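What follows is a group of structures, each given as structure tokens.
Look for subunit A in each of the two complexes below; its partner is subunit B in the first and subunit C in the second.
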Partner chain A sequence: MLNATRMVFSIRGLLALMFTIYMIVAIGWFYDAIATTALGEILNIFTTQESQFQWFVFDSALVKLTTLFVAPIFVFDAISGDRHQERLGLYLSRPISRTQHVLVRTLSAFVAFGIVYLPLISLGYLQFTTIVPGLTPGPYFATSFLLYLLAFFSMSVGIFISVVSKNNMVSFLATFGIMSFAMLPNAMKYSMPAMETAAIATPHYYATYFIKPGNLDALSYIGIMLVMILFCLPFLYLAIWRFNKEDL
Partner chain B sequence: MPAIEIIDVVKEYGDVKALQGLTLTVDEGKVFGFCGPNGAGKSTTIKILVGLVYPTSGTAKVLGIDAVENGVEARAHIGYLPEQYGMPGWDTPRKFLKYIGILSGLSRDGLDEKIEKMAKEIGFTEYLDRRIKGLSKGNKQKVGIAQAFLHEPKVILFDEPTTGLDPIGRNEVLAAMKAYAKQGNTVLFSTHILTDVEKICDEVCILYKGKMIEDGTPGELRQKHGARDLDEVFLKVAQHE
Partner chain C sequence: MNMDIWLADVKHLIHSKRTSYTILIMCVFAIAMALVVKAAPPGLAEALRSAAPGSAGVFEYMWFENVLNKFLLLIFISYGAFIICDLEDDRSIAMIVTKPVTRTNFILRRTASSLSGFFFVYFVGIALSGAIAAVIVGNLDYPLFMLHHVQILPMFLFTYALTFFLSVPLRNTTPSVLTAFSITLAASFLYTFTTMADPTAVPSGYNPLTLGYLILIDSPLTEPMIISLAYAAGLYSAGLLWFNKKDI
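So, the complex of A and B:
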């Protein structure tokens, strides 16, 4: 917790927040730009209520993107940074296990990201209720939570790369690279149905699989949550396994 | 029960044989000087005891606890100063020491007083609330030494603790190590400054290419080699090998 709050109020937290806001605005504009051809419409961030609803709640493309790309900012140097700055030896000479170290670093990043994410999502809700009739907090926050789990996936990949990598920059770029690659099948399945099978093998598919207003079934929701956590575990496991073998 | 027990430890980094069957025992309450030329394997040995490096074979124990199998338990009794290390530059020594204290399992109550007492003993009270980034090398080293003493470990493992310190600071740190051992704790430190060893060590060993080639009290080694001081012993031994 100490780490989480420290992170949020650090430059990194600010960066993440600004990046998130930037992405929302930029993608909103981009969406409008391709959705309509009239120049005047470009400045009108959201074209129609319907498309916005679909875009945000059904596809969640925007939040998914920001979640996926902002989350790694919180972990990319969690291990590689300390290694590079030669702090790892000091920390790991304390009576904590390496497994603990990796888990604490990941979880505190997850909490820190949550502190940025939750207000953003809540603000989003306030805005959406005004334009989407019949939107209730249930499905909205349920979707948002799945996206939060998607961020956890992002972080699990990030922490693994941070463990493997000796260099912050490499860690940063590799995480972003892998995340961009991993999101492709699900993004492409709309235009290329053949991608559907590949998409099923990514957690992105599940992050938006289920949400339809009025269609909130607790059991399948929990199932989806578990599936998404299952996607994270191999990366966390690999990170811990690799870290436990390393000579520092 | 010896405080430190290393039995037939081999460490290979790929083709590099850093330790080639090192066996070494340090009794409780002793100050032990760990000497040897660059690359002899001093840091590697200390890191194995702290669990930062895994031995290829052999056993390493601290207070009878296996440093590899039960590393967490062993480390609870160890205070370690790495040869090279960084600290979070934006934090103050106070904040950093608090963090380390909590990692070492100390309770938050009274931690502040403990840190202040430590700063006074080691002599960096006036820097306690500055950013670590801006401290001089020697003052950083003092913070590093403080974090190792903070949880009052039974075994101190210092890798070249006096590098970067001025003569005053050096003598203070040597005195602190000696005094700490007097209380029944064990201190092992590596160094290239053999006068330091002569000043405070009960026992000394010389490591060469991953093997121990000499050990005994400083007096014994001087006598055995008919040398005036340990520097001379070191040179004779190293040339002979």
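So, the complex of A and C:
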């Protein structure tokens, strides 16, 4: 918890806060303008204004924010930075296992991101209801939380790369590159049906599953959450396995 | 300027993992995007072509939107951070500035090294990516593709100078890179949302991040390029003056 608080009150927490606020304000402002123009065939897939708005907020804007940039900044130098600054030996001299060290770093970053993201996305709902009065809280908050889990996926990838990499910049570039690549199939699935098959293999597909109306029920939601957590586990396992083998 | 040190810096950059990973990731993106373009339905390809009348092909439009404006921007920022941050992270900067070389000379030498390293990565990566795309897609105007990548250089020089300017007060790699990337990403999103709101509007050349879009829509480029170069020169000069006055 102390780690998480320290991250929130550091420059990365400030950047995450500013960026999230910017995105939420910009989404509200520009949706108003976009609502009267045609965005091609994509908008016609969504039959209600609410689902169109949800697509715009979560699928085209917030997904990029959370997965590409905001989430990885909390974790990309978690291990590589400590290694570079020769603090790793000091941390591991404490009575905690290497597995615990990796998990604590990842979970601290996840909590820190949540402290920034969750309140702002909740406040964003209040703003968005003035633009889309019929915006129901269920699908909105359901998808918001799934995006939070998507950020955990980004962090799992980030921590694995941080363990493997010896350089912070390489760690950030590799995480950013992989996330940019991984989000492509889901971003293109509406304009290219062939991409839907590829999108199913990425957690981004599941994070935005409840955008279309009528999809949301408790059992499906729990199932989707479990699927997203399953996506994270291999990267966490690899990070822990690799870190346990490393000779400092 | 000591040419031996410059050459040593350039060799170090070219042989670094940063270089090989960058070229590798660019090639992977090129393959992925070329396959997406190849599989795109005719309606989508036509829509993208009409949205970017000045482009060398649909591939270039997607390349600019997904790779150039995000991943390559980050790469250029990392090279901007090389000037001071790499030495700050190694804790060797204080020792280096005590040598009988002026600070201006030192910064100019580091700038020459990092720009040389970047241009190597940039042109080799772009040449390979373009060649891969031309083979897969088949209808890419390769000479125009290369020309456009020369025309967009002022935008990258702006981000490079911005990173250097920010690295003077912030010193370490992580905060400098994150802050520079946040600013450029916010500027990029600003014009993206504006063009979504009004697809017929030409974004202002006073935002250096619009240069890629202006190239694709075949808009006059002289003024935006000069503005971007002026910003870059101003930020670089300001950073240089500040570094000369700063107590390390």
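Just so we're on the same page, the second predicted complex is superposed on the first by the 197 of 248 C-alpha atoms of A that agree within 3 Å, B and C clash if a C-alpha of one lies under 4 Å from a C-alpha of the other, contacts with A are read in each partner's own complex, and residues count from 1 in each chain.
By definition in this document, a contact is a pair of C-beta atoms (placed from the backbone, for glycine too) under 8 Å apart; a residue touches a chain by one contact, two chains touch by 3 or more.
Note that the structure is a prediction, hence the values are computed from the model and not measured.
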Does the superposition put A:Met188 against subunit B (first), subunit C (second), both, or neither? second
Based on the superposed arrangement, let me know which partner A:Ser97 touches: subunit B (first), subunit C (second), both, or neither? first
Looking at the overlay, what does A:Glu86 touch: subunit B (first), subunit C (second), both, or neither? first
Contacts of A:Val164 with subunit B and subunit C, given as first, second, both or neither: neither
Touching A:Ala142, do we find subunit B (first), subunit C (second), both, or neither? neither
Once chain A of both complexes is superposed, is A:Leu248 in touch with subunit B (first), subunit C (second), both, or neither? first
More residues of subunit A are touched by which partner: subunit B or subunit C? C
Which residues form the common part of the subunit A surface touched by subunit B and by subunit C? 85
Quick check on the complex: what are the subunit A residues that touch subunit C? 11-12, 15, 18-19, 22-23, 26, 29-30, 33-34, 37, 39-41, 68-69, 73, 77, 81, 84-85, 167-170, 172-174, 176-177, 180-181, 184, 188, 191-192, 194-195
Contacting residues of subunit C [partner subunit A, same complex]: 17-18, 21-22, 25, 28-29, 32, 36, 39-41, 43-44, 47, 66-67, 70-71, 74-75, 78, 81, 89, 170, 173-175, 177-179, 181-182, 185-186, 189-190, 193-194, 196-199
Residue ranges of subunit A in contact with subunit B within the complex: 2, 85-87, 89-97, 245, 247-248
The residues of subunit B that touch subunit A in their complex are 13, 47, 50-54, 71-73, 75-76, 78, 80, 82, 84-88, 99-100, 102-105, 144, 147
